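For clarity, chains are labelled A, B and C in written order, and residue numbers in each chain start from 1.
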C-alpha cells in the first residue's frame, strides 16, 4: 500500500541536473534514511516524494500508483519540516486542526483525532499555547503531531532534529524510534548526521552529488562500504586512507608494507594502485617485531575517557588510531602500530570502488 | 561605540537641544497660534502665557463647512487606502512568489510609478476626468492617489511576504490547502504588521496630498489641505483659522510618527536602507 | 514553493493583474496622452478650436524660449542647495541621535515629525514665520544680530526661503536613513580602530563614512527625485515669484497649462521633465545595486 518506488528519477533546475536518475525502493513500514553531505540531493529527493518539487524525469510511485503528477495532498504523505513550519499565529490545537481542515471531517472527529495524538505525544498541556511559547523539543513534537493527525501512509522528515541541542536530539531521536515501532508507518527521513542515520534507520541510503553511493543496513554501510566515499563518510573519526601499490603479495605504501590479507588473494593484480582503508580501532599498539606493524611517531593524543585517539605519523602518512586510554603513549614517543588484517579494506584508487566484493 | 564622556554628552545634548528648538518651533507655532486670540497673534515677544481660545476652531467648524472638507479628506484617504492595500497586497504576493527573471522588471516598473512628477500628469488627468464626468468627485482622487499608494503597498508588502517562510506554505500545501486558503489563513495573518504599515502610509499620503486635490476638485470634493489654503487667498488673512485647520490636518501624521516610527525607514527609503 | 508556484500560476496572474491595470490606466495612459498633447496646439480656454497637430513646435517653444531653461536652472539650483545642506545637517543629527545616551530615541522621534506633515501646512507655517513685517523669524534673528530680511518679497531671498522650509521638512529624512544605517554597522571595526588608537575624526572619515556612502547616495537620489517634483511649498510661499525668481519646473508647467491655458506647451515641458526624472530614477535603482524590492 505505502511502499515508495523511485525509478531513474531525475531532477533538473533549468539546465542543471541535481539528481541523476536514482533508483530506490522503500518497503512498507520501513524506516529509510537519506544520508549525505549538504548539496547531495537528499532533500530534493524527499521534496520530490512529497510533491513539493516536480520530478523532471523517471517514475515515482507510492503504493501501486505513479504519483509524478499527483498533488501533495493526494499522496497520503505527511511531512515534518526542518524548522517545523509551525504556524506562529495559531495555537498548538489550531496548528493540528488546520492540517485536518481539508479532510472535511466533523468537528467531533477532528477533536477526537487531535486529542488522541496530543495524548500520545504528551502535548495535552500545551494545546492552548502558540509556537513562540514552546521549547525547541516541544515544537518538534507539535510538528510531528501535526503530521500524525492526518494518519498518513508515509511520513517524511526533513532534518527534523537539526535545530535541537545535542542532548535533546538524543532524546527526540529515541522518541521517533519508539513512535515508528508503535505505528509502523513507512518513513523517509533526511539527515546529514550519521549518528541519527545509524540509530534510526532500517536502511540507509547514502547520497553524494545527486547519486546514490550505497544502500544498506547500518551494519552494511559501516562494515562493508561499497566505496571510498561511504568508507570515509560513515564512522567517526573517519577511516584512515593510505594509497599503496600491490607488490609481491604485499601492499606497499611509502614507509609501510602490509601483507595482502588472505581474503583478497587472487583479486589483486601485481602493480595495481589500491587504497588501504582501516578504521582507527583497527590500529593497535604492538611490539616492533609483530607482523603487519610499522614504526610510528605519536604527534598528538586526544583523551576521550575510555579511549584515546592518537594522531600518528607513519612515514609520510598521518593516521588516527583509537586505543584504550589507559597506558596511552605520550606525544613525541616512537611506537610501533599494528594493522589488524581483518579490519583492512581495500579500494581501487582509480574508481574508489571496494575490492572486498 | 562606547558611551560618550561627560564633555561629549554635554556637547551632544547642547547641539540636539538647538536642533530640537529649531525643528519643533514651527510645530509649536501651529499649535499655539491655533488657540491664540487674533489680536496677539503676532505680538512680540510672542505671548507664551495667554488665555487659549477656541474661537478659531469654532469659526472653522461652525461658520465654515470645514467638517465637510475633513469628511472629504477622510473619504478619499480611506477609500484609496482600502483600494490600494487590497490590490497592492495581492499583487505583492504574486511578485514575491513568482520566480521569474522578468519579475524584477515588473517590480521596478511598479515602484517607479510612484516617482513621477504629479504636475506632468495632472493635465491629462484633468482632461480625462472632465471627459468622463468625474471631475470634483472623491472617486477621481481615490483613483489618482492609488497610483502612488499601490506601488508603495506592493513594495512594502513584498518585503513582508518575503519574510514569511515558504516552509509554512508548503506545510499547508502538503496538508491539502489550496493557494487562496494558504494566502488567507497562513501568509496574510503573518504579514499583518505590513498591512497596518501600508495602510497608514497610504492614508497619510492621501490625507496630506495637495496638488491633485487642488486641480481636480472644486467646491464639492475639496479636501482639507486645499480648504486651508483657500483661507489664505480669501479677502483678509485669517491666521488663527489657518493654524487651526493646519493643526487638525497634521494630527494623523504626528500620531503615526509617535506610534510606528520604526516602520518609517522602511516606508520612506524604498529599500535603500534596511 | 515550486509546487505552489506551478499549480497556481493563473491565480498569481489574477492577483497581479488589477494592480498592473490600475497603474497602466493611471500612469502610462496619461503619459501617452501628455505625449499626444505635446504635439498639438490645445488651448483649454477655447474648447471648440480643434487640436491641430503642430509637430515639434511646442518642444521648440519649450526648449528655445528662456523660461523653461530658467525654470530648469532654478530647479537644479534649489536641489543643490537643499540636498547639500540636508546631507550635512542630516548626517550630523544622525551622529548625535545614535549616541548611547538617555533620551536619544525621544529626540529622534520628535525630529521625524516634520516629514509627516502635509507640504501645504509646511508652506503655510513658514509663510507665517516669513510674513512681511509680522513674521516671527526676523524677530528671532534680530536677537543674534541678523536681519531684517525680506524673505519672500525679495528675489534674492525667496529661493532661500523655500530652501529653508524644504530643509526643515526633509533633513529628518536624511537623519532617519543615516541613523538606521549607523545602528546597523558592525561594532567590530570600531573596536579595532580603538585598539589601534585612531582619533574620532579618523574613525569617522575612514571607517564610518565609507560604510555609509552607499546609503547616503541612495538617500540623496530619493531626495533629488522629490526635489525635482517640488511644488506645494513654492505654491504656498511665492507662487514662483517675485518675478520668476523661484519658478521651478512644476510651477512653469502649471503656469503654461493653467494660467496661459497652453496645454500643448505644458505637456511638452512635462515630457522633457519625465525624461529627466527617468534618468534620476535609473540612477537611484543603480545606486541600490541590488534587488530594489528587497527590504
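By definition in this document, a contact is a pair of C-beta atoms (placed from the backbone, for glycine too) under 8 Å apart; a residue touches a chain by one contact, two chains touch by 3 or more.
Worth saying up front: this structure is predicted, and the values here are computed from it rather than measured.
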Of all chains shown, the one whose Cα mean is least distant from the combined Cα mean is B
With centres defined as the mean of Cα atoms, the chain at greatest distance from chain B is chain A
Distance in whole angstrom between the CA centres of chain A and chain B is 56
The distance between the C-alpha centres of chain B and chain C, rounded to whole Å, is 16
So, in whole Å, the Cα centroid of chain A is separated from that of chain C by 59
Among all residues of chain C, those touching at least two other chains are 1, 3, 7
Two or more other chains are touched by the chain A residues 51-52, 72
Each of the following residues of chain B touches two or more other chains, namely 170, 173
The chain B residues in contact with chain A across the complex are 165, 167-168, 170-177, 185-186, 189-190
Counting only contacts in the complex, chain C reaches chain B at residues 1, 3-5, 7-9, 11-13, 15-16, 18-20, 22-23, 26-27, 29-31, 33-34, 37, 89, 92-93, 96-97, 99-101, 103, 107-122, 124-129, 131, 134-136, 139, 168, 171-173, 176-177, 180-181, 184, 187, 190, 194, 215, 218-219, 221-222, 225, 228-229, 231-232, 235-236, 249-250, 253-254, 257-258, 263, 266-267, 270-271, 273-274, 277-278, 280-281, 284-285, 287-288, 291-295
Counting only contacts in the complex, chain B reaches chain C at residues 1-4, 8-9, 12-13, 15-16, 19-20, 22-24, 26-27, 29-30, 33, 42, 44-46, 87-88, 90-91, 93-95, 97-99, 104, 106-108, 110-113, 115-125, 127-128, 143-144, 146-147, 150-151, 154-156, 158-159, 162, 166, 169-170, 173, 179-180, 182, 204, 207-211, 215, 225-226, 228-229, 232, 239, 242-243, 246, 249-250, 253-254, 256-258, 261, 264-266, 268-274
Note: in the complex, chain A contacts chain B through residues 50-52, 72-74, 77-79, 81-83, 85-89, 98-103, 146, 150
